[in-house]
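First the structure, in the form of structure tokens, and then the observations on it.
A, B, C and D label the chains in the order they appear, each numbered from 1.
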Amino acid sequence: MPDSNFAERSEEQVSGAKVIAQALKTQDVEYIFGIVGIPVTEIAIAAQQLGIKYIGMRNEQAACYAASAIGYLTGRPGVCLVVSGPGLIHALGGMANANMNCWYTECCMSPPISMAETSAVRMAASVIRNAKQPLLIIGKGAAYAHAEENIKKLVEQYKLPFLPTPMGKGVVPDNHPNCVGAARSRALQFADVIVLFGARLNWILHFGLPPRYQPDVKFIQVDICAEELGNNVKPTVTLLGDVSAVSKQLLEELDKTSWEYPPESKWWKTLREKMKSNEAASKELASKKSLPMNYYTVFYHVQEQLPRDCFVVSEGANTMDIGRTVLQNYLPRHRLDAGTFGTMGVGLGFAIAAAMVAKDRHPGQRVICVEGDSAFGFSGMEVETICRYNLPIILLVVNNNGIYQGFDMDAWKETLKFQDPTAVVPPMCLLPNSHYEQIMTAFGGKGYFVETPEELQKSLRQSLADTSKPSLINIMIEPQATRKAQDFHWLTRSNM
Amino acid sequence: MPDSNFAERSEEQVSGAKVIAQALKTQDVEYIFGIVGIPVTEIAIAAQQLGIKYIGMRNEQAACYAASAIGYLTGRPGVCLVVSGPGLIHALGGMANANMNCWYTECCMSPPISMAETSAVRMAASVIRNAKQPLLIIGKGAAYAHAEENIKKLVEQYKLPFLPTPMGKGVVPDNHPNCVGAARSRALQFADVIVLFGARLNWILHFGLPPRYQPDVKFIQVDICAEELGNNVKPTVTLLGDVSAVSKQLLEELDKTSWEYPPESKWWKTLREKMKSNEAASKELASKKSLPMNYYTVFYHVQEQLPRDCFVVSEGANTMDIGRTVLQNYLPRHRLDAGTFGTMGVGLGFAIAAAMVAKDRHPGQRVICVEGDSAFGFSGMEVETICRYNLPIILLVVNNNGIYQGFDMDAWKETLKFQDPTAVVPPMCLLPNSHYEQIMTAFGGKGYFVETPEELQKSLRQSLADTSKPSLINIMIEPQATRKAQDFHWLTRSNM
Amino acid sequence: MPDSNFAERSEEQVSGAKVIAQALKTQDVEYIFGIVGIPVTEIAIAAQQLGIKYIGMRNEQAACYAASAIGYLTGRPGVCLVVSGPGLIHALGGMANANMNCWYTECCMSPPISMAETSAVRMAASVIRNAKQPLLIIGKGAAYAHAEENIKKLVEQYKLPFLPTPMGKGVVPDNHPNCVGAARSRALQFADVIVLFGARLNWILHFGLPPRYQPDVKFIQVDICAEELGNNVKPTVTLLGDVSAVSKQLLEELDKTSWEYPPESKWWKTLREKMKSNEAASKELASKKSLPMNYYTVFYHVQEQLPRDCFVVSEGANTMDIGRTVLQNYLPRHRLDAGTFGTMGVGLGFAIAAAMVAKDRHPGQRVICVEGDSAFGFSGMEVETICRYNLPIILLVVNNNGIYQGFDMDAWKETLKFQDPTAVVPPMCLLPNSHYEQIMTAFGGKGYFVETPEELQKSLRQSLADTSKPSLINIMIEPQATRKAQDFHWLTRSNM
Amino acid sequence: MPDSNFAERSEEQVSGAKVIAQALKTQDVEYIFGIVGIPVTEIAIAAQQLGIKYIGMRNEQAACYAASAIGYLTGRPGVCLVVSGPGLIHALGGMANANMNCWYTECCMSPPISMAETSAVRMAASVIRNAKQPLLIIGKGAAYAHAEENIKKLVEQYKLPFLPTPMGKGVVPDNHPNCVGAARSRALQFADVIVLFGARLNWILHFGLPPRYQPDVKFIQVDICAEELGNNVKPTVTLLGDVSAVSKQLLEELDKTSWEYPPESKWWKTLREKMKSNEAASKELASKKSLPMNYYTVFYHVQEQLPRDCFVVSEGANTMDIGRTVLQNYLPRHRLDAGTFGTMGVGLGFAIAAAMVAKDRHPGQRVICVEGDSAFGFSGMEVETICRYNLPIILLVVNNNGIYQGFDMDAWKETLKFQDPTAVVPPMCLLPNSHYEQIMTAFGGKGYFVETPEELQKSLRQSLADTSKPSLINIMIEPQATRKAQDFHWLTRSNM
């Protein structure tokens, strides 16, 4: 811990900084996220002089989450710059999160492309052709491999139903007629053959086990990582290789016969019926007029105005889970969420990274960051970073006054009249009616506090129209709001 | 990552939670800081049912800093409750920080008290009696050992000059006539015998090395930790034992003769003259009328209104360093700062812990938390926690628009007119004129944006007068403000 | 730490042991190496009852090295059974060594086979066809992938020169006319295109850098591990996939034209001349009659009697390096040495593993374990294990009384007459004339102490003839013996 | 892994080596244990040139055990020199073992001495005076603190019974009339007040819990490490400080009254009777004439000839446990065994360290190293080191052909006639009748193979008489030999 007198620092440090910056440039690094301090300030300055962009954050935790998202979004390494000691320790969360999501550059960045063995491809095609109730599951590995073109062909040419995982959304657009996301539980439960494209059988997919799946379901697993193959469930066929290249091999193999999956099969009928009834149930919830609003009402209105080409970033518990079922993605690699590790605090870092990428590679695209109120608290101060760099981000805080659920203001005040809140307030409750939108106005952005569907519609319209500054919409919902009734009561997340 | 359906959770988890809560109660735990999630929510609830206070925070980082401060303030273990995975990783910063500050309960909590060897005490007394230019340095180890009574007697009975370390401030009041803090550099540089009471020769004390010290200065080191003895410098006498018990041994030994250090010695004269001239220089800086204000003006006015019995928490670079020289402590264990490890992000966690202790053990005392604007960003969202529990905290954000130094608003706007800020804005700059006080008003507290001494005085007066809610005073200072000229130009921190 | 009273142990432990043993059996484990203690003894017994072989070793270090070699030799996991605490720590060396050699089952064991992208294969074939001075390098990855058939076809059909790495020896026999091992340095230095089959550009291959290579040499890298691709040097073409499958792809692609590399090219002429002169120089050294013997004389005589189908295991400094250039392998996966990590102490563990595999899969084959005297010391006590299980191993200890070099007996005695050896004896010296062969006779095996070529010939003949017990030949060589003069003086290992 | 061409190495390395060697010299390092390799050879040579002794070992494991013992024996740091990579990993065992035994220099080496608080000493004295059935337990902490003089005075002046822990043996001689080691179980079980001098309530002391202790036994714990206080059991009084200084405080406090513990109390009578009957039982076992010998016969004869001033080092299961009850120590810090962590493989490294210390500080003293046959196997090759440096060590291998127990030769041969030993031989069996003494003769030392009491007596006599070289006595015992019947059947170790 250190002197602030830059001028007196030794020449050595300065030239060392240049060497490091040059090395980063040689590795094609475009973005550095970090917090400076002695002696890393010079590295940031040297990097800027070489044309690398430096984004100064407010906590190393968020900086590291941002850097890890860059790797996923651009296929080139993102860098996180921190001081030693506490800075490094604060950044560990990001490193662990990236690891759990398989974003370590050494694993994913290799340019050479491998394909699956020919005989295995043949066997996979045969299993698919013989499936009675087939299902494709599209994971973030498919997005990362840029497999969108080949997988879309597979879906359309052979008339197959598909389901995206959270970050696989958008590889094939969510509104594609073959997307059975609205019948997710049903599709998983009764499929007899499932092809996994860069998707893992982790908790989000219920580990591939009964009762969420048929006991004798056949898995065909397409993955670049040999270590992923056969986790939790023994696949019938494993196709080791680049997800896009293997999809192409499958296309070529299936092309050899005139087969297609019958679009009027009983399976398609079942799925379409279930989708219809689920969508109706959601719509009913969404159309409820009672106030405060529920999750479905909120997301229904957001979805109505969501630009087709925006990035969607999300974290939270119900906010992320329910939001995922309603908000649609139309482009690959435009969805980022808390992921396999369920890390809270990633949202704003991810949004900032996505906004940097949007500005440089997709001018005009917006980033919509959908946060639960508790999740927002982990890195809310990064709003200052968003304002400082004037990033094209719209933050939605879905506010139920707590973690999972909270108090309303009257109950809160009554409770506190005579008691110490640390002794009696349930641990999952936050302050009712927090004005998170003022975190945005404090730094010059636009803030909205909304309590009705009309206010929500209007604030969204204004936020989307105003491209001159970021905005935050603080959306008050029913503190006890939960999701609609589920078919399954065990581990009720992510299903519909 | 988790289901929200509490009712369906198994009986086992619930009773496991009770067992853990009971174990914490048995260990005399009073406070738990944390963020709940599956499956630790029940632990928090069970703990509350046993009378343990639960303080829900917004990021595990801050929760862990708060818990570690409890150990220091109360001598009983503080507990941090987090979920596994990302929660645990977020908490690592607090654990590392506690370790660097020697707050691990296993080291500090042991009830048995050890004393120094009799012959070593005798030798130390003899070295002190023969000192020409003696100096006592009082560290946080003295505060932790409750050595205030014995050390004050040593100072007064033998007329010795003393100097507190940052967290040693208040063991003997800063305004004691024998405190030579205002002549710190001089005292260190010319002392021939220095007695360290639970203080380390780390970077804050310039490692005990020339040119900041006489090459032949004799150190007498009093410490509870054998591992600390002889770090950096070989002491002439080492007194291993409880700092309070050893101070008493020293008192008894020195009492055997009628010696006292002559109050009219040349050493005392030198020190008093230096203090006078330093205080005059500070006062001159403080009285400058130019706007924006400088650090000294700000702290001069804060000191004028600072309640004698308040807790002072501080973090930042210049904010913490300069603030420490101006703001006075009158009570032991009422000063917490970023400490040896220089960790940014500890301030609000520490302030929350201090406020909990104040409410329970020192009703009516306030916590003044003095933050640099960059430091505040690390855990600013904890303001919601402060408001939720209505804690007696006044936050001062000393705002120079950056880390070490920043831009002013006009320069900022000019810069950004044609350029991408991530490419050109210096890494240490933050958004000019950020309205941090709105972070407080967002949650129902009082916020002040102050630019003049008069506004500062008024906002302080109002904050102190209003005990019904917390407040935050956002104090704008000169973006290029630094400290007054120093005698030493190498490693210019912490000296005066 | 443990009671020896087996009968009193609880039922739970016993049934737990059975569960573990059954799990190992299900994973197709055939061999367990270990040292028992409370509470793992029961696991070993339970495993034996299920038909798994248990080999009790004398130090966990050697046990772990043995277990790791099983994975390489059989393609099925080897298991090391140790007690917790010290046992586990002793075993870490084996785990680290296996990792450095890429023997972790999770990486190598996956049944699915991947192939290289078609276009990359086409490009590689084109680069090979246009090479003026091509070279194939065959690594242990080729051996592990069972690529022998396809690579031999590539060598023979297209008349290409090849070079094996230490553990790649035998994939194509060392005495194949296209093997240019005897002109190794020349081949590396002047090749313009090098195809790496499961071989790494590590220190053994001089990192692929000048001056050991042409600055513009083109590398084609065939490997199963994406992480290995592009280490140290940027390859012209990378073929990611199973080494055998990719070799077959290359064969099919090259087959499409009638090309072969001209057997009368200048490159082949240069290589053949260099091989001739190097072999002559080696032969001259080998035929030296002076005593003590030198390394070349020793290995020349060993090579003369080496059974064509034996396993060769080796470790040491000069012993391993020079031995590798003289001792020939004719079968794949029949050579094990200290490997990339240069670990000393692996030899006897590897030899024991190879002997177990030989007994079960290749009855009648012998294991020849060539050890430097220092290397032998790391795990010499495993000779008891060899004798206990009566394994078909012949140990050769090439004894120069030291590490790199030693004293002779007279110089040693003179030195010690008046001085403390710990103060003056060079750290690399061991006791002269140690009778390591008695370590073998102590346990009932045959021991030989040999000082002349005739004694060496005779002892080898007898050892090979006597299949009833293991033997150890302690071969005394010139304590200052080194290798023959090298063309390159920088990093003089492994080249010829 | 490395070139052997020393001359070509760069100057930098050489001077770096000198700097390191000088730093070690400055730290008063006397001994380095290690195995050299590139680039640490030069460090060893440079150290020798500065007068530091270098002992080249055969495996880093043993080197590290030796270095850790130096710290305990001399109070100055021992150093282990290894190459990076595998060398470091091999050394981890020693580091872990030293840690478990609290031999890390940073903890134990501090010169300053601390004492216990006066009031706590007063309370402890009062508890002792009121004890009905007192017991002192003397641990290795007492040995390390050089507390022998003060503790002996406590024992004699106040007529108190005492019990040493394994490495506490010799602080007060084992044959002192107040030593109740021969009634260990009885003494622990019925004592009402136990004073622990630098001894831990770990598994060796049955964690201080019933039924091995009275439920209401009062512990007084004297220890230098605050962290050790109160482990497992809550002490009635804790005396934190240097064990010798605190013993002196206790002496002075007890001196204030004329109290002594009545030598004719019922407690003393009970203990003396139990000792008598236990000693008779042991003697009966020892005098058994049947062959092969049992443990008691062996140790009885060893004890008869054991020099009073020798170092005793021991490891093994029954060998160490039973040997400890029979072999007596008369000097402090002359007993080393496998310790708290129960690490096998430490024996020869410890013996080598003890021999180096004996040569330099106690000329003429011998080291008797008592090994089980399995334990010997872990580092048996260090016999070469012992011979190379001609160290004054006598090795006793107590050989029951196995771990805990083994086969006899006839049973072994019968078993193997038709079966694969790896499939059927119990995991704890070693080769019957191994001639471990040849490991010694292989390197020029004296070896003895003994099967009868007479041969044992004779070989001991000769080994002790011949001071010109080390020797190894391989003592064959009954393969199924165990200890005599115990009062307690649960956890039957270490009691009598």
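Just so we're on the same page, a contact is a pair of C-beta atoms (placed from the backbone, for glycine too) under 8 Å apart; a residue touches a chain by one contact, two chains touch by 3 or more.
Quick caveat, the model's predicted, so the values are computed rather than measured.
Chemist: Spelling it out: a chain qualifies if it touches chain C and also touches chain D; which chains qualify?
Modeler: The common neighbours do not exist; no chain touches both.
Chemist: Can you name the chain that lies farthest from chain B, using the mean of each chain's Cα atoms as its centre?
Modeler: In terms of C-alpha centroids, the chain at the greatest distance from chain B is C.
Chemist: Taking the mean of the CA coordinates per chain, how far is chain A from chain C in Å?
Modeler: For chain A versus chain C, the centre distance works out to 48 Å.
Chemist: Please work out the Cα centroid separation of chain B and chain C, and write it as a whole number of Å.
Modeler: 60
Chemist: Touching two or more other chains, which residues of chain D qualify?
Modeler: none
Chemist: Between which chains does touch occur?
Modeler: A-B, A-C, B-D, C-D
Chemist: Which positions of chain A touch chain C when the two form their complex?
Modeler: 106-107, 110-118, 120, 224, 226-227, 229-230, 238-242, 245
Chemist: Of all residues in chain A, which touch chain B in the complex?
Modeler: Going by the criterion above, the answer is residues 1-5, 8, 31, 34-37, 41, 44-45, 48, 51, 53-56, 58-59, 61, 85-86, 89-90, 92-93, 96-97, 203, 317-318, 338, 341-345, 356, 374, 377-381, 384, 387-390, 403-405, 416, 420-431, 434-439, 441-444, 482, 489-493.
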